[in-house]
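In the part that follows, the structures are each spelled out as structure tokens.
What follows is chain A paired twice: with chain B in the first complex and chain C in the second.
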Partner chain A sequence: MRQALVIGVVAGSGYGLIALGLVLVYKSSGIFNFAQGEFGTVAVFALWGAHSAGVPYGVAMLLGLGAALASGLVTERFVVRPLFAAPRVTLLVATAGVSLFAIGAELWLGHSQLRFVAPALGRLDRMSVFGFHVSDQRLLVIATLVALAVAGAAFFARTNLGLAVLGLSQNPLATELMGISAERLSRFTWGTAAVLGGLGGILSAPLAGGFGPGFVTLSSLIPAFTAAVLGGMNSLPGALVGGIVVGVAESVTVSSPLFSEHVPGAPSVVVFALLVAVLTFRPQGLLGPRSGLAAPAERAR
Partner chain B sequence: MNGHSTVGWIARGTAVGGIAALVLVFPLTRSGIEVNIFTEAVIYAIIGLSLNVLLGYAGQISLGHQAFVGIGAFTSAYMTSVHEQNFVAALGVTMVVGAVQALLLGVVSLRITGLYFALVTLAYGRMAENSLFNITSFTGGSTGQAAPKPAAFASDYRYYYLCLAVLAIVLFIDWRLTSTKTGRALLAIRQDPRVAASFGASLKRYTLIAFVTSGVFASVAGALLAHNTTSVVSSQFDFRLALVFVIMTVVGGLRSRAGVVVGSVFFALTDYLFDRLHLSVAINAIPVLPDLSPDLAPLVVGPLLLIFTLTRHPGGFGEMLRPFGRWLRREPSPHTEIDLRDGERVHA
Partner chain C sequence: MSRKYRRSAALVMTLLLAGACGQKPSTIRDSAAARAKEFQYEAPAEPSDEGHAGVATPADAGVAAPEPAAPDSAAAPPAQPIGDGNAPVLGLPAPASTPAASGPLRPTRSRQAAATASDTSSSEPPSAPAATPASGRPAPSEREQATSGPVPPPSPPREAIEGPPDRTGVSDTTIRIGIHAPVTGAAPFPQHAFEQSNDLYWKFLAEKGGVHGRKVEVVFRDDKYNPSSAVQACREMVEEQKVFAIIGFAGADQITACARYADSVNVPYFSGGVNEEGLAGLNRYFAISQTYDQQSATLAKLMKNRIGKTKVAIVVIASPSLNNTVKSITSEVLRAGGLQIVRSSRIGKYASDAELLSEAQQLRNSGADVVYILAAPIPFIKLATNAQAQGYHPTWVGPGTTNGLAVVAEAGCPSVEGAKFLSPFPQLDVIDALDPDYKASFRRWVGPNPDDVGILMWGLNKSIHQMLEATGRDLSRQSFLKAVTSGRVFHSNVYPDVSYDSTIRFGAKTAHLLEADCTTRSWKTTGRFVADF
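Moving on to the complex of A and B:
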């Protein structure tokens, strides 16, 4: 049970990292980005490719993040920008298409075999929680998530750029009239979100038992969305908390014999139940205000 | 003037005859294995129409349609092989299961709409995939569940015509759905729920009608799919399939019956066409790229077509087919008509 808690917090941190990117894109443009997971998978493939070609791990990680950034910018330029004024559901379908394309391309170029990637930090027993060793890689995931969530919240609360991004989401026309380029901001948010997805992928891939095409989408996209929804879809710290809640809920269920023996695929059942429950009973999220929905101003319909 | 001449009649007759020959006679000249592929294309058309009811008429997107189709397939297989029911009885049970399932999801959709509903359906599909499809007694585990063809339609050719007949019924129901009060109410609700409600169109009632219709179509398609291949395996219904379903419907053109049918058939046949036209050979001849197996073609080509459709051609195949349809029906071309559909895209 205690071990399940620790495992859950670590797995949940991975979801939280993906969820940060989802929240960032949603906060700035009201888009549900179904390609977020694939930004991560692309990064993992680049890291694996570079590292197995003999590139040092640190450089390979940077290459992975670069690949994620590139795929984010390409998506922004060729999919998001042409559809800027389209209904948000159109963009949802379009990003789902991007995700499917990435999976198809990965299957084509990389085949469906399972690959393994080494962790960035190798030591396994630096810390022990409840008698359970926590590896350095796991600590790295948690620390990165907390640092990024705090930095992201500060970015929106304290910087002009953050304010501009928020302004763009609330009233694009007024923001443009203030002399802020919507195009540049859109590039900025998608680039940043893609790097966050890449980071989520390359930090959590070594902890999973191997990866293949569509790895991050299959393993984390739905839990990450659930995490973002739990956090109210608008809050970066909320995504962090949501991620950990989802991770712990999953691992606690799996560890209880009642579920693991009688319900196949218990984690996805739990995630589905959690998602429907939150959307039905507390749509503003766990940390959201008492009243008011998490739904943004649905614009440009 | 426009098409009243004898030449016009002959041209129209040739066009209709050509399509009829392609659909009805051409499969007879091919092998049984190829006919199985054509049958699958017909079933995809039913799936596309099912999704079109949700996406096009009710304005709710489903990213978990593989679960609807899959549950239909497994229910029919389970009833025929484990409970040894005949095909018709099994189909009845399958339709009830599909309707109930869709009704439940419809109730959820009344509270959760738009983007959030898409997310719920995605999670639902994943849950079905990981959980329901792994209940061994129901799905036969990794070996799958046998689904024998009905005795009267045991030959691949006969089964093809059976599926065509079902498609015709589905098209008829879809046509009735859009041309009656229900269709007008759904149209009004999609455009503005509040105005529609103020005119007395019950959002709840019509949304649920759309969901149940879509669910029954999908489960019937699933049953037909199961018996076409005579066995069902859970790995057939992964979430990529759900995305392909959405893409084929959108590329086909929402709210256009002909467009959706053509789009779905096109996507069902992509790998077949890739193989027949030796496109994979052409791609494999490019030295840097690894070999593209035909079954990956829909995953690579589909999204590109989707993005092209959304950004450049929101009406999809349906819009391209519209002038042809007008010509067939001898309607004047709409030069002076104001097209209300102009600029219309996928609605939430």
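Moving on to the complex of A and C:
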């Protein structure tokens, strides 16, 4: 059981990293961003392409993040901004469309092929917790998640830019009347979310053993969405907590002989049941404020 | 948030989560029913390690009682020569009442019936077919198979062979064949390699005059490693592309779904061997290499006699189609003697990071030296990578097809070092000895570097060619089925020899043995057409 808890924290951190970008977009614009995973996949492809061409790993990582940033900005400019006045459901479907388009483009340009990238940090047994070896790459994921969740929470609570983003999400007209550019803020939000997605993809791809078109969407988007909802869609630290809760629920389920041997798909079922329970008894999520149940932009309407 | 928006988001989440579970509610229900039934079976005591959590005994793993060992299995030759239609069966006595019992071929269909018979606590072999299924009748559902006793062996309906000739997909100059494979999803075949070599054999053959003067056209579709998409692809190939027959390359659930659809519309369907559950009983389905169940005995002997380690773990994808395969490998491992199952588990088709990390840790804790793995390449590679990160290096073994592709060794090394998989096709290191035309043809029509995906396609198409050749110039689905089920041995020297008759749809008896060599990040063919170790 202790090992299961450690594994849950380690694996859940990866989900939390993707969930951060989901929460950021939702918090600032009220959109469930189904393209978040593909920002990560684009970054991984760019990292792989650059590193395979002989670019040093660190530079290739930056190029990957740049590719994610570019895909986020393109999505914002050509999909989100033209539809920003449309109902949120329309934007939800539009981001799902972006995701499908990106997977198609990855298939077209990169072909369906299993590829692999080396980890940024190679040591596999940096530390052992209850007999479970935690690698440097896993520690990097955890540290990045914690740092970003704390920084994100501080950004919204303590900076003017953060307040402006929140203001835009709650009342775009009033925010613009205060002289704040809604376009620039929207660009900032989507660019940041895309970089978070890229970071999640780049750090998790080496742990996955291989990647292909749609890698992050297929492997992490559902757990990340679940983590974001569990933690509270308006809370960046909630994404961290939600990711870990999902990871722990899955690992404890797998560790139980009853489930692993006799119930097909048990981890997903348990996570789903957990999600339903949390939404029933605490609809705002584990760390979300009571008012956080509603999407900010929709509240303003 | 508006109620409408919240509802839509909840709906999308629910659908995606349900998809992530990889189970339809009905299949989970059916699987649970089958499980419940399995637990009613009381198996004879077998050696097991009760000291380990997750230890599988025949009873708790839902395993059919091990059949008595073959009277003289030790006398069986270590490897079957090509074209030997008299290879002894590995400890699987043929039911005397089936027509094949006296013939040269193993009545592999009987395993399904035997397993079902075990479920009803009967040790008697299945009886002869009670009735010929009607044309186009869908195969019995898993629930029906689990509850209605022995399934009668299939035999092609009379109208399938003797009715008015159905020449769909056949013209005076061409034969159109459909192929589906998981290009995307958890078992991605290299798409480019597929596209460039899926008709390579037919190009080679066209220069030699084709099949009785006809050229073969190939229609290829991605089934996305998803049964619904697979049926959609097959339906499109049948209804719009008007293919003569369909070939499925890999993916148990996709092949099962498409084969059932093809059978319902009277289209011959061939695939690499996968599960038997859900496919046994289909009149127009033919496995062109050994099924997972058929490979179980060979793999058990491989573990015992070649690898020489004793603690075995079994990890299989959580698909209802593979329930019998779990029974089969568990039974064969226990029957082999000297092997001990220390863990038996099922992992999700799209297993998450947490699931695979936990599974790797559980395997390590179990102390398994050998892990039988039946999973798509991505979960397998992830699991092996996670195991390596924990300082755990078991020998991975399993049935093929997809895990024997070079890309798995390339991506999985060094975690998969020494892994051993049975495979219907050999690797590049021996293909020249088996078929010198392959590399030359590849270099002529595709490019300078022949690959193993090309061998996979080449060998399978070559086997299909043998069947078309045997049918003759007067080609219809009826005449084709008649030729295929004639009992004749189809010999490609790349894929194993296969032979079918009115009861046998799983007609291969051998496979190649591949071993991962991480110094070259590739598979080496360490056994050709093997059936025993």
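Operating definition for what follows: the second predicted complex is superposed on the first by the 288 of 301 C-alpha atoms of A that agree within 3 Å, B and C clash if a C-alpha of one lies under 4 Å from a C-alpha of the other, contacts with A are read in each partner's own complex, and residues count from 1 in each chain.
We take it that a residue touches a chain if its C-beta (ideal position, glycine included) is under 8 Å from a C-beta of that chain, and two chains touch if they have at least 3 such contacts.
Remember, it's a predicted structure, so these values are computed and weren't measured experimentally.
J.: Overlaying on chain A: chain B and chain C, fit or clash?
T.: clash
J.: Where does A:Gly122 make contact in the superposed view: on chain B (first), on chain C (second), on both, or on neither?
T.: After superposing on A, A:Gly122 lies clear of both chain B and chain C.
J.: Between chain B (first) and chain C (second), which, if any, makes contact with A:Val89: first, second, both or neither?
T.: In the superposed model, A:Val89 contacts both chain B and chain C.
J.: Considering only the touch criterion stated at the top, classify A:Leu109 as touching first (chain B), second (chain C), both, or neither.
T.: In the superposition, A:Leu109 touches chain B alone.
J.: Given the touch rule stated above, what does A:Pro56 touch, chain B (first), chain C (second), both, or neither?
T.: A:Pro56 contacts neither chain B nor chain C.
J.: Considering only touches as defined above, state whether A:Thr280 meets chain B (first), chain C (second), both or neither.
T.: A:Thr280 sits against chain B, while chain C stays out of touch.
J.: Tell me the contact category for A:Ala208 with respect to chain B and chain C: first, second, both or neither.
T.: second
J.: Give one of first, second, both or neither to describe whether A:Val79 is in contact with chain B, with chain C, with both, or with none.
T.: first
J.: By residue count, is chain A touched more by chain B or by chain C?
T.: After superposition, C is the partner touching more of chain A.
J.: Should A:Gly8 be classified as contacting the first partner (chain B), the second (chain C), both, or neither?
T.: Touch partner of A:Gly8: chain C, not chain B.
J.: Of the stretches 55-63, 73-81 or 235-243, which one in chain C hits chain B?
T.: Stretch 235-243 of chain C has C-alpha atoms clashing with chain B.
J.: Take the contacts of chain A with chain B and those with chain C, and give the residues found in both.
T.: Shared contact residues on chain A (touching chain B in one complex, chain C in the other): 32, 34, 87-89, 92, 96, 103, 107, 111, 214, 218, 222, 225-226, 229, 264-265, 267-269, 271-272, 275, 295, 298.
J.: For the complex, which residues does chain B have touching chain A?
T.: On the chain B side, the touching residues are 61, 63, 108, 111-112, 114-116, 118-120, 122-124, 126-127, 129-131, 134-135, 239-240, 243-244, 246-247, 250, 289-290, 292, 296, 298-300, 302-304, 306-307, 310-311, 345-348.
J.: Name, in rising order, each residue of chain A that touches chain C in their complex.
T.: Chain A residues touching chain C: 3-4, 7-8, 10-12, 14-15, 30, 32, 34, 87-89, 92, 96, 103, 107, 111-116, 124-125, 132-133, 135, 204, 207-210, 212-214, 218-223, 225-226, 229, 246-248, 250-251, 254-255, 257, 260-262, 264-265, 267-269, 271-272, 275, 293-295, 298-299.
J.: Which stretch or stretches of chain C touch chain A in the complex?
T.: Within the complex, chain C touches chain A at residues 1-2, 4-5, 8-9, 12-13, 16-17, 20-23, 28, 31, 35, 53-54, 56, 60-61, 183-186, 188-192, 222, 318-320, 344-348, 350-355, 357-359, 361-362, 365, 377-378, 381-382, 384-385, 388-391, 407-408, 410-412, 415.
J.: Any idea which chain A residues touch chain B in the complex?
T.: It comes out as residues 32, 34, 78-79, 82-83, 86-90, 92-94, 96-101, 103-105, 107-109, 111, 214, 218, 222, 225-226, 229, 263-269, 271-272, 275-276, 279-280, 283, 295, 298, 301.
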